[in-house]
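To keep things clear, I will list the structure first and then write my remarks on it.
Going by the order they are written in, the chains are A, B and C; count residues from 1 in each one.
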């Protein structure tokens, strides 16, 4: 019998696609590095989403083509962007006024760990002794809350969803939705509710790879895209 | 028979003698607004209007360009528009050399009252929240309080007596004051009086007046200066200081050992002052405390290149004692930056600050905000040991404003007055950092004459910039 | 799969009339009103408030200075009895009090005086998610009474709390359909800061341009801060 560790999980693109479904029409969205970066490619037809980046740009265009890179036009993840109509530039103080002031509607971040109460730990691995916080803490503190998009377990197969974070926190109780390659989990600050599971996975199997207790939603279903 | 009171123009011309080249000057309503019209329009000083204008001269005709009294003024070549909040920052943040106000009263210790509804001086009270009720007098200072508290020096220009003959220079203000001990010098229609540590000193007398006559119409005790002079009305010639430096080394050679230096570049290479960085390395000054978004990762990052110039050249030259940064080390632990290696060897200190908090601490430092409460970092390692406070049910952490000795920033173009425009996302920390340093040095691709950058286009007004260096056309940002 | 550049801009930001744009404003609302002297005043929206007849308003503004004859201003709303309170650095000019002074003296209007830079900083804090700030302005004066005083670097500072409002009425020269805006001259004044500090922001503009019609380097107020747009004429 195959162990759970070897069982097929969803590709990153599907995780990103599932997150994209959560973005309301007209929303201002900040996407972190990793799986979140992919989300912009999967916004459902008919919806318009505006991207904000801490590098000081709003209404970011698509990623620049090779050979067209402009060092004066980047997003916070270090990708070069295309020039599009409707974008605007501003300084760092204003970029973060938008985040902290509750003007950015949705933030999608990757994470090392998420706790049962929605704590986020994504900026520092203790063994390195030093970490890059960048804009993550400001995004976590932004009024709108955070969607986490990540793999369900780390490279060593350890659960990334845990009862309490053991890595340094980015923000307390700021995560309201977790989308992984195995599950969609709602977080209300008190408990984690399993809403959707990857095709071929049972709620019990997802629980086995989760370090915190999951409340299984009575209408738990397969990933809806 | 006392002399004839001076007219407001003569008072304004005398006040103009307090100006120095390149000074940033805030003008309150009334007589102070006459000053710009008495000076040649050469941009020798920066006049501020609290309506959001930087750099104007005399009356204008465009109803879209008004001063603090709502009167149209003419923008100088090199003048620019900004909002009221930025003007408040320029006033409070230590960028304003002189405030020239027309108070209703000034006291022996330099307290002042700006204006009241009741010119005869009925007393009124305000309650603790500053709310005035109908039975009180109204004391509305506009920007006068911001100007008086923010400017390095405050000049009061005012009639010596009120309309009913009552003294305006008094032992103690009879009305609620708009500033305590703020006024440094009083220029009236009869005299010039210095506010000293022990009281008021008569230093100049208007034509036709005697010292006794002035003492007679002054309520506050007045001593005579050892060398009382006649008031004169010639306005000084104010030539804008030269800000253009030939090389990066010229512009940075006086950076002192241990200096706090703001360095921009979100992560680089865009918005990074590579040429000034090389200059700082060649100057060789040690013990630098860098404040910067990263501590040099452009060599490791996706948008950089292995041989790009970044903070690493300063680290490798053993010049960096400390970095304050949000993204201090390489994204990959297996490819450490020069800074991370030096940090691991114990050669440098590190303070990690969330990026938005870093931006806000700099903005606060530049705008005279001592400290602020932010929700960022509450409950994390980076808030440990810091005060927290619950405001309207939400928890915040107290963070301090931050300033620097020097700042090296990267603009796209500057004019010779120091106005700067940026390019795309290379703006990032640059305009914020430009407001925080004692000496701000900008590296640009092009230097133009005042007026060639549009007043709506200027992002950093020239009053923040001390030195301008052209990045040589043949300079390479790669090692 | 779509890219945002292929989609039409966000619908619903451009409203057909001032009245439509003011939809939802109710008695007792707190309203930021931009403008300085005669510059950058949202005249159409102020007229709209008069037409709706909403009362008990708290207005936060530079002042209710009298306007040129025929031009509607805050003073007219005050004269119409719609305003309960004005928070301002200079509600009326010393030599020209108008209806604001009259009603205030008659006890029918409350005035709260806040030095201009403090008001600007409180609004910026509100818009930028800052809980409050310590400022050096006004130490030892009535503006500091009842407030926490604390020393930083040996200097007294006063705690000033963030300030936000229900609505902001703004005035810009041009907007694009997304809500990015530019101003003309000192028409900028309170606009960018007020745009950040209200739950609903409504801007009156001379022109609405298509997306891409504004230079990204020149945009002063970004679309993220603007909810509703209406043409001035």
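Throughout what follows, contacts are C-beta pairs under 8 Å (C-beta built on N, C-alpha and C of every residue); 3 or more make two chains touch, one makes a residue touch a chain.
Here the structure is a predicted model, which means the values were calculated and not measured.
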{"item": "Chain-chain pair with the highest tally of contacting C-beta pairs", "value": "B-C"}
{"item": "Remotest chain, chain B as reference, centres from CA atoms", "value": "A"}
{"item": "Interchain centroid distance [CA atoms averaged], chain A/chain B, Å", "value": "40"}
{"item": "Whole-Å separation of chain centres (CA-atom averages), chain B against chain C", "value": "25"}
{"item": "Between chain A and chain C, centroid-to-centroid distance (C-alpha), Å", "value": "35"}
{"item": "Where chain A touches two or more other chains, by residue", "value": "89-90, 93, 96, 99-100, 141"}
{"item": "Residues within chain C bordering two or more other chains", "value": "124, 128-130, 216-217"}
{"item": "Per-residue overlap in chain B, given as positions that touch at least 2 other chains", "value": "360, 374-375, 422-424"}
{"item": "Of chain C, residues touching chain B in the complex", "value": "36-39, 62-63, 65, 88-92, 94, 97, 101, 104-108, 110-118, 120-121, 123-125, 128-143, 145-146, 152-153, 155, 157, 161-162, 182-193, 216-218, 220"}
{"item": "Sites on chain B touched by chain C in the complex", "value": "49-53, 62-66, 69-71, 75, 81-85, 87-88, 91-92, 115-117, 126-135, 138-146, 149-150, 176-180, 360, 364, 367-375, 389, 391-392, 394, 396, 400, 421-424, 455-457"}
{"item": "Contact footprint of chain B on chain A as seen in their complex", "value": "53-57, 69-81, 89-93, 95-96, 99-100, 124-125, 128-138, 140-141, 168-172"}
{"item": "Chain A residues within the chain C interface of the complex", "value": "25-26, 28, 40-52, 58-59, 61-62, 83-90, 93-94, 96-104, 141-143"}
{"item": "Chain A contact footprint on chain C (complex, rising order)", "value": "1-5, 7-12, 124, 126-130, 176, 178, 180, 196, 210-214, 216-217, 219, 222-225"}
